[in-house]
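By letter and in written order, the chains are A, B, C, D and E; residue numbering begins at 1 in each of them.
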Amino acid sequence: MEFEPKLVGFLCNWCSYTGADLAGTARISYAPNLRAIRVMCSGRIDPTFIIKALYEGADGVLIAGCHPGDCHYQEGNYKALRRYKLLKRILPEYGVEPERVHLEWVAASEGEKFAKVVNEFTDKIKKLGPLNMKQSIFDSMKEDIVVHESAGEEKGGEADEA
Amino acid sequence: MPERVGVYICHCGSNIAGKIDIEKLAGFAEKLDNVALVRDYKFMCSDPGQNLIQSDLEAGLIDRVVVASCSPLMHENTFRKVCERSGVNPYLFTMTNIREQCSWVHIDEASSTEKAMDLLAASVRRAVYLEPLEKREVAINPRTLVIGGGIAGIQAALDLAEAGKEVVLVEREPSIGGHMAKFDKTFPTLDCAACILTPRMVQIGQHANIHLMSYAEVEEINGYVGNFNIKVRQKARYVDADLCNGCGMCWEKCPGTRVPRKGNVHEKLSLGPTSSIYMPFMQAIPAIPVIDRESCLYFQKGKCRICEQVCERNAINYDMEDSFEEFEVGNIIIATGFQPFDPSVIKRYGYGTLPNVLTSVEFEIMNCASGSTGGKILKADGTEPKSIGIVHCVGSRDKHYHEYCSRVCCMYALKFAHLIKEKTDAEVYNFYIDLRCFGKGYEEFYDRLLGEDVRFIRGKVGEISRWVAEEDEKDQLIVRVEDTLVGAVRRIPLDMVVLCTALEKQDGLDRVAKMCSVSVGKDGFIIEKHPKLGPVSTATDGVFIVGVAQSPKDIPDTVAQASAASSAVLSMITREKIEIEAATAEIIEEKCSGCRICNNLCPYLAINFDEEKKVSIINEALCKGCGTCVAACPSNAITAKHFNDKQIFAEIEGLLSAR
Amino acid sequence: MLKKEIVYESTLDHDFLEEIYSLPGGHEIKKCIQCGTCSGSCPTSHVMDHAPRKIFSLIRAGFREEVLDSNTIWFCSSCYTCSVRCPKEIKITDVMYALKRLAIKEGKTKGKKAVVLSKNFVKLVNKYGRNHETELMTRYIIQAELFNAFKFIPQGWKLFSKGRLPLFPHKIKNIDQLRKILKKVDELGEI
Amino acid sequence: MKLKVGIYWGAACGGCDVAILDTHEKLLDIAAKMDIYLWPIALDFKYDDVKKMEDGYLDAAIYSGAIRNSENEEIAILLRKKSKVMIALGACAHLGGIPGLANFYTRDEMLKRIYIDSESTINEEGVIPLESWNVKEGELDLPRFYNTVKTLDQVVDVEYYIPGCPPVPLQIYSALSLIWDDMLPPVGSVIGAGDKALCESCPRVKEEKTISEFKRIQQVLPDPEKCFLEQGLVCLGAATRSGCGARCIKSGVPCRGCYGPLDDVPDLGIKMLSAIASVLEPKEEKEIDDVLDTIVDPLRTFHRFSMPASILRRKKE
Amino acid sequence: MKYTYYPGCSVKATANLYQESIDAISPILGLELEELEDWNCCGATAYMSVKELMSFAISARNLALAEPFHRDVVTPCSACYLVLNKTNQYFTEYPDLRKKLGQALEAGGLSYSGNIRVRHILDVLFNDVGPEKISSLVKKRLDGLRVAPYYGCQIVRPEMGFDDPDDPQSMDRLIESLGATSVEYPLKTKCCGASLMGTEEDLALRLCCELLTGAESAGAHCIVTLCPLCQMNLDVYQSKVNRLCRMKHNIPVLYITQLIGIALGLPSKDLGLDKLAVKLTKPVKEILQGA
């Protein structure tokens, strides 16, 4: 079966979420892989959310906000941009391809663009393959978990949870 | 008792049911933690649909609601109202968008259903963490404060007053009128400025609904939309406004000199009396003089008191002190206008060192029939100039000073050229980079000037000096310029040069902006809410901007904006109440370390630092809930109500761990 | 000079602009608004084939030859008046330098006396570490002004007689160091 | 009655133990209140004695150091069984600490670097320690060197954390006194530290922040009165729990984060990243890049002490 | 006040009179100028016209040599001032350039970190010594002397910061501190054609003619300069200007340091006054002697 990536999207309420809705109203079909979380402004997106999503099993995370200058709250998108840029720089340090996190400006009128962005992003992540962050972290720790005669049961079992 | 979530799945006819396996989705929902019941219905937004929720809530079967249907942008409010009707806090409801972002955009039923399951799981998890929020409404005080009494403030105040609303107009100078009161004619129609402005000024002075405070400044503004507390300082005029009848005896006899009486024509340019007790110009409103302390002999040297003696109404009071007035308003209109750029910093243009180099505002005063030259255009020595140069873009369109175009100088330069041609025999040169004549009748005005033999040279003046190379240049100002259209560098000897100086942000605008919690842009002018769709509103509810305080513009645009702002204010007032955002951010004092990371981030300046407690605080009336500060606070001391970390984490986990 | 005929796009060089703005701050020249402040301020613009402002429009339009052949760049005395006045803060003087270097690189130096002087100056500095005016002028006169040599005599003599013209060059002690630096620059390639 | 206590060090530098000793005269108080049953760095005990104890025999075990190898883990599990309360002492046990930086590499990379590539090593045959081998007396073994460094609470349940690298001695004392005074807070709490971020106790003047360039401490002479961050020096004080007494700050260097994150902050490094990025000055992409270029090695800087305790724990292979 | 001194090639040759006067006044003004050991030519305009990076590199060598002394570098030559300053400025502003220059210097066993301030001697005279101090040291007030302050172009541009690029005032104040009058001289920063004198002589001469005419019509007795090239053009070439423009200019062109020296009461031979091409005119002499 073809790999179907799981993608999480953080969309700002005013432009991108509305743009995504417009894609719906206009019945523009696009890849079903992205699941959106609505926030009021791209400025609300804490990089921790993105890291969390990657950990929890997302293969890619899309951030979408209003075009520069169009932010409903004036400047939230600039803050999003700066956080995004710094986050991208550290992803390789985690062994994560920076392309897995992507930011786009999508206006409320850009239903078509939203669909295109999701399709392209889905394709890109398909090519990159699964991320499997949580699993692979625990896999790389598997052999570290030693069962000690003296200690009987141990607490290394978190890996099971993954 | 753990949270009990009710899940309602909408078919939306076949809009959803056609692409999503409702049965499967409902089955899936039933198995989710905290889900107390799952129902599905053809149209959740219809009355019977809504009633389903209402009866479950009223029966106490559930305490939070998830509706999986269309976009929250469509029906969030509908279902919030259902909760409210059922006596449950509307913020305990959340919506799952399985139509616009699911059934309408995906072709394959299996994957649509899967996506819907994930989205629903996320909503259910989120619902568990939802918290009730207070909806807040505030009453709107029907009184309005207008700051600045130029044409912008005058127009706005009159519009409101005519509609029967109270206005307090605060003007910093002794008289209202602003810059327009200094003009003789206005482009492009060449109407007499006084003829159109004076009647309005008089109306302001007399209107029962307008409380005019001239020679006054706003000191403090607190509060928020509908309820601003204002404190105004009334500066001491030393003349009792109730007694003075503007007879003019005092300034006729006053020996003090605010504007030098001797000296050359240009040094003593003035519209009103040159004495220490003065009115800025004769049509001033209020028609009450003030004493200029700096030049008054009594205040400076302790001797004189002539005005006191000559005033038959005993209106002079040297002991007067600044007083304060406090009142409340519901809305604020900022109409503080501009100040002209000071060209003396551009040394190569010689303003301030070379005689006969004037600024445009000085030239306006010279042209004003009631001014010190009686409307005559004169050189410093009192003779009539034979040639005049008008230099455009002085301090505008220049990275060293202001990058923006000041928008009115091209047109007033043409007006000047016309006035010069009308009043003198002088040759007129316009030195321009581009001629920006875009308004109604403006190009026609340019066309007319071309016919009046005004010389146009396309090129920004390199320098103005008195360095004489040839006999016929003697005693003249030499303009060195490239005539870019001809491609030649020219030296042009002139008798007088007028610098079309930029319109720049009014001195003190930053303070006004800060008091009103609005921001200023790179150019120093106040930022409007939206450049196209909100040109008179600001990011702060209840604060409006008009005229040049927003950006350089001419009188027609200023007046249009003023009327727009007053109708926006009226629309607020007639609503009587407005609802303010409930989903704001909040700083938990016990967690805030006072690092001040967040202090600069709020676009609405809602975050302040409490110097005493050393923590930051959010003024919730100003906060719009964008969440920018929340994401930044490294102590997680700020929570975004309705979008807090726990809720979003739950959503992320829900999206990804469902199947 | 511009020929008086219709100019075909194919004869223009639209990459010219790119070449110029590889220099530090160079991309600013895109922003020129053709106001003419530079030309109106330049002390030598009146003798230039094209005043500085026009150089910018020629560069933007791709008139490569006209720019590099013009006397403008050699008449620029590096007084920086234009640079400090330009409302767009374009580093005009730096562009003039860049054009000079480009012209030299492309051999557009025929009849350009300034090139002879500059090149000899560079040679001397590379040789001694310092300029030696006597030798510089001698070399220059021989190479560029042999037939006008006599016109340099009075001022030369004046300087010499006042003890203001040393006969011998001063070579810096660590000329090797300087040469190593220059060699390295050569390897690195120009900017 | 005196408390029965065991003290142990896992992957640690010994600093935490020294910090206990550095309580100076208070050490006598400690000795008066507690009987020590294990403390390899200071006294001679046998593991076997511990193994022989009945479960829960000790009142408290104080464990410093990260879990880097099987021995660390084995003793952690042993002590957990034998004690009523488990206390993680110091940044390593709490967050992974400096050893946790190894999580940016794999086990093999680490061994290669340590035993073969390091500048001070001559090891032509490329010998790497074996886990076990036979000699004529029998089989000898060494603990297994793990691929991933873990925090103490990733291998056993931990009741309390005393943060710091090393913890401030007086804070250790006051944390211990909670035990004998029976005033321990809810399980899972951080003790011997503050509730707010370091900025609160930092003596430097804090203002609104906008940063247009980052510098490193060795490149500048910072203004001694002003917040480091405002001067473009990466200081983790805003995201780090107070309790250290701002000792780095007072010695003129920015906070590096050893006291760990605040309650409810799941990832100190990423939160700091967000905070710093939020207060940058530029808006244009290019300018943002220019400023970001000046932050040297951001992730290791933000996660100097907390990588194993962060959401992603280690570099993915 | 101790500085690292960078004289520049001209000051060692055609402008040696400038040097002499600097040497003479420095001790009195409390200036210690320690010449930078083994400095090389800054490259001036000519080098920049041929090679950009090389030009920056040779200029940077001087800065690198000066850095270990941790003192401001002072130069009396406007061209050197501009070039060294520009090197400094671009070095800090453009990372690419900085990197390459770093590598080049390294090849010569040098390094530079950008921490040297380059200053013109006028800046030092005006800001560090100050007109008040100079005025207090004056032995012979130059009352009645009308002086045209000619700054030339490169000292105030591109915005090096210590004075206004269009209307500098520092030298005017110094002249006044000596008791002399600084006349209104609109051409004070207009270019003299310095670097063009060799190659485009006619043009340069005409520029000089304008400057001389301007000074004379402002009623100046003499022109005072602070740049070796300006001084040479206006002084040594004055006769040639006259021939080309059919004028009869006869106006002495002194260095500001010479003028200060005179007011401080130093003998004219110590100030290199005998090396001027245009001899001091009678009215000037009278004022100077009478002073």
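Points to keep in mind about this one:
Rule of thumb we're sticking to: a contact is a pair of C-beta atoms (placed from the backbone, for glycine too) under 8 Å apart; a residue touches a chain by one contact, two chains touch by 3 or more.
Predicted model, so just to flag it, every value in this text is computed and none were measured.
The chains that touch chain C as well as chain D are B. Chain pairs B-E and B-C differ in how many C-beta pairs are in contact, and the one with more is B-C. Chain centres here are Cα averages; for chain C and chain E they lie 22 Å apart.
Chain centres here are Cα means. That of chain A falls 55 Å from that of chain C. Centroids built from CA atoms put chain E at 62 Å from chain D.
The mean-CA centres of chain A and chain D are about 30 angstrom from one another, to the nearest whole unit. Residue numbers of chain C whose C-beta contacts span two or more other chains: 85. Among all residues of chain A, those that touch two or more other chains are 46-48, 52, 75, 79, 83. Contact of a single residue of chain E with at least two other chains is seen at positions 166.
Applying the touch definition to every pair of chains gives A-B, A-D, B-C, B-D, B-E, C-E. Contact residues of chain B toward chain E in the complex are 346-348, 353, 463, 465-469.
For chain A in complex with chain B, the touching residues are 4, 6, 8, 13, 17-18, 20-21, 23-25, 27-30, 32, 35-41, 43-49, 52-53, 56-58, 72-76, 79, 83, 115. Touching chain C in their complex are the following residues of chain E: 9-10, 12-17, 38-41, 43-54, 57-58, 61, 82, 90, 93-94, 96-97, 100, 103-110, 153-154, 157-159, 165-166, 189-191, 193-196, 198-201, 203-204, 207, 232, 236-237, 239-240, 274-277. Per the touch definition, chain B reaches chain C in the complex via residues 348, 393, 397-400, 433-434, 458-463, 480-484, 487-489.
Across the complex, chain D is touched by residues 590-597, 599-601, 614, 628, 631-636, 645 of chain B.
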